[in-house]
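The structure appears below as structure tokens.
Labels run A, B and C following the written order; every chain starts at residue 1.
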Amino acid sequence: MKFTREILINTVLAALLLAMPFAALAMDEPFYVTLATRMAILALAAVGLNLALGLGGLVSFGHAAFFGIGGYAAGILSTHALNMQPLLTWPFEIESSEQMLVAWFVAVAVSGPVALAIGAISLRTSGVYFIMITLAFAQMIYYFAISWPAYGGEDGLSIAMRGTFPGVNTAVPLSFFLICYGVLMVALLLFACVRASRFGAALQAARQNETRLAAVGIGPFPVRLVAFVISAMVAALAGSLYADLNRFASPSMLSWQMSGELIVLIILGGTGRLFGPVAGAMLFVLIESVLGGLTERWQLFLGLILLGVVLFARGGLIGLVAGKSRHG
Amino acid sequence: MAEPVLSIRELRKNFGALKATDNVSLDLKPGEIHALIGPNGAGKTTLIHQISGSIRQDSGAIEFLGEDVGGLGMAARARKGLGRSFQISSLAPEFSALRNVMLAQQAAQGSSFRFFRPVMRDRSLTDPAMSMLERVGLAGRARLPAAELSHGERRKLEIAIALALGPKAFLFDEPMAGMGPEGAKDLTGFLDGLRREAPILLVEHDMDAVFALADRISVLVYGRVIATGSVDEIRRDPEVRRAYLGEHT
Amino acid sequence: MSSALLIEQILNGLQFGVMLFLMAAGLTLIFGVMGLINLAHGSFYMVGAFACAAVAAATGSFWLGLAASLAAAAAAGAIVELLVVRRLYDRDHLDQVLATFALILIFSEGTRWLFGSFPLYLDIPPVLSGAVDLPGGARYQLYRLAIIGVGILVAVGLYLLISKTRLGMQIRAGQSDREMIGALGVDIRTLYTVVFALGAALAGLAGALVGALQSVQVGMGEPVLILAFVVIVIGGIGSIKGALVGAILVGLVDTLGRFLLPKAFALAMGASQGATVGAALASMLIYIVMALILAFRPQGLFAANS
């Protein structure tokens, strides 16, 4: 593989994110460890969305649904484990668990079928319809969560104890960061694999020219559906980590703002780029904490920055630094 | 006589009051080039769309290799072996010429649901795709994004993609369009050899090419086939001369 | 369950539907003519509500407030169109989504800056306060009836505007063929600004009218916006008729679902559990209806550009 400027930037970004919590601890600023963890988790969610949006051109404005499902998976498991209740009693009994790996599994196992159902309906349409329908379905799940009192309703669900991980004390912020960072790196590796694979070729062709894809005998619908489902599962995994980070599964994880923010992360970083979501998440959390420290009205300035990026800098951050992307 | 590869029976398609395809029947036999000619707006492209499956006919049957494919989608018909080129080049613009052909190669090999092996290191994709590009004379442009190819090169790439599918029949919609006299001559020679691999249903405005290549010609006017026959028969046909060739002289 | 209660709920559903129609009409018009998806449409709803509440509080007149809401929302729409939106017509939907998402952030924080974080309250004008007797012994809030009346007037007005006036002819031409109206010598840029401002004014009107029923606060527009999306997805994007039918359908299904489902489930499953399940299901009902309609008609009930 050629050593391009983009690879250099990616390496720098990965190193920067990894170095941040260590530097924070060295300077006795533990708050920045949390910030770095937030970056890693949001980047993970955005890597998931990038699969659908960046590679497949599927502008899902509903990925908060999957992010939130992951969050509630962690929250519900933790609640049941705390109360020593089984997770399910019918049709068969499933014990609850405080294991983080179980929460991840549940997040992925629940979000997959939900994404399959939402995708199967939404992907019958395209363009603006797809945007509005994914937004609507996410809103449906949001309203379901706040109207279902067993798991907190509008108040959300607190997590008394962060999930456990074999051999790691997850209550230590740095350890938890390293878990999140590790998952993010694995997700990036998978993204790179998928992008280069036959499936990735078909998915990207579906975005560029779906007639061409069909004319060679590959139906665009199943390709897009599979991408949508994988994308949702990665977002759910991120959601489960996010709830563990905050020790709280909040309905706001399911909100339309969250869906919007995930798209914004990708665009800030650069659509379809491997490290676009990482750059975007780092930039976003940085803007949030720096501007948020200066003014309560930081979202106003975020809006202006975003408007500027959309109108004038369409390649995002990595596009600005690395130049136009090239494919095979 | 050999069974036709592709056989269209009493196909009809209306757009509102316009009869775009009006009771069209024609067939494509093994080894032949069957040219479809007609004035602009005669419904040639609409007919190709129905055969390839991007438009659904109102009534009538499309049989391909003895099987009714009239209810199948475009991708399913392509998998059965209908290789198609587009009137206006339709490529994946960001992909290189090579990757455009590789996409067809991967489709021809079967499942696209393989997630791990990088396509660019997969010789079973790159090698045959490269040889297709060589056949159409695009090997030197393999790494260029399709969007940066010239018009004529894109037409050739369309054909390379159709070749990579290893189809049982070709549908070519105006492959010569915009090629220039030199390019059209080259392509004529190329298509002449291609008919040995699979028969070609050829929509073409370039009459020199049609008369040089076609085993049979069907003339489409206002959605109807007004004549089918050999080159000489069509040249002599008074109705064709009046309805069609007359416009050009 | 008395029939009077049911009639009241049906009227509530109609009133809700009418309000959704005011939102959806503008959205679908803007999409039909300019091909733009506008997430910031909910912001105009909010702008209308705040303008009405602020002016009504300053002058003591709801009616001046209502006029102010129309003017403020139309002006906000025109400014947004001139400064931002007209750069987006040639862009893909992703760019439109992002830029208008950015506009939501700007509008919401801007409004919070101007008016603070506390909700404003808007009183129902005295002329329209009180209730009226309906046949069958039901009594119904006069103000809500008035909203239904306004909705009918707007629907008729839009119909006349689009079918009978020169502007309407241009709008219809724009929906069917964008290049054509340029060739006809219509000033497209002005037409687009006018259509956008008209859509914004309708949203502002809806915000002001609803502002007297609920509190006026930042973020009030987006939930309504998403429901308006459901409406136009059901009705078919670009179709005013679809927006009307979809809005009434969503208004009725949502209101009656919230009223009837908890009762129905309470009968089947016992009071407390049934009410919970019914309420949760009711909150998802319109989305389920949307999914069902899409499963059979992916382009909506009245597809405009199929």
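Assume contacts are C-beta pairs under 8 Å (C-beta built on N, C-alpha and C of every residue); 3 or more make two chains touch, one makes a residue touch a chain.
Bear in mind the structure is a predicted one, so any value in this text is a computation, not a measurement.
K.L.:
In the touch network of chains, how many steps separate chain A from chain B on the shortest route?
P.N.:
Graph distance in the chain contact network comes out at 1.
K.L.:
Farthest chain from chain B, going by the mean of C-alpha atoms per chain?
P.N.:
It is C whose centre lies farthest from that of chain B.
K.L.:
So how far apart, in whole Å, are chain A and chain B when each is placed at the average of its C-alpha atoms?
P.N.:
Going by mean C-alpha positions, chain A sits 44 Å from chain B.
K.L.:
Round to the nearest whole Å and give the separation of the Cα centres of chain A and chain C.
P.N.:
31
K.L.:
With centres defined as the mean C-alpha position, give me the chain B-chain C separation in Å.
P.N.:
About 49 Å, centre to centre.
K.L.:
Quick check on the complex: what are the chain A residues that touch chain B?
P.N.:
Residues 193-194, 196-202, 204-205, 208-209, 211-220, 222-223, 226, 326-328.
K.L.:
Once bound in the complex, which stretches of chain A touch chain C?
P.N.:
For this pair, the touching residues of chain A are 53, 59, 61, 121, 124-125, 127-129, 131-133, 135-137, 139-140, 143-144, 146-150, 256, 260, 263-264, 267, 271, 297, 299-300, 302-304, 306-307, 309-311, 314.
K.L.:
Inside the complex, what are the residues of chain B that reach chain A?
P.N.:
Its residues touching chain A are 52, 54, 73-76, 78-79, 84, 86, 90-96, 98-100, 102-104, 106-108, 111-120, 122, 125, 143, 145, 161, 164-165.
K.L.:
Okay, in this complex, where on chain C does chain A touch?
P.N.:
Residues 31, 37, 39, 84, 87, 93-95, 97-99, 101-106, 108-110, 112-113, 222-223, 226, 229-230, 232-233, 237, 276, 279-280, 282-284, 287-288, 290-291, 294-295, 298-299 of chain C touch chain A in their complex.
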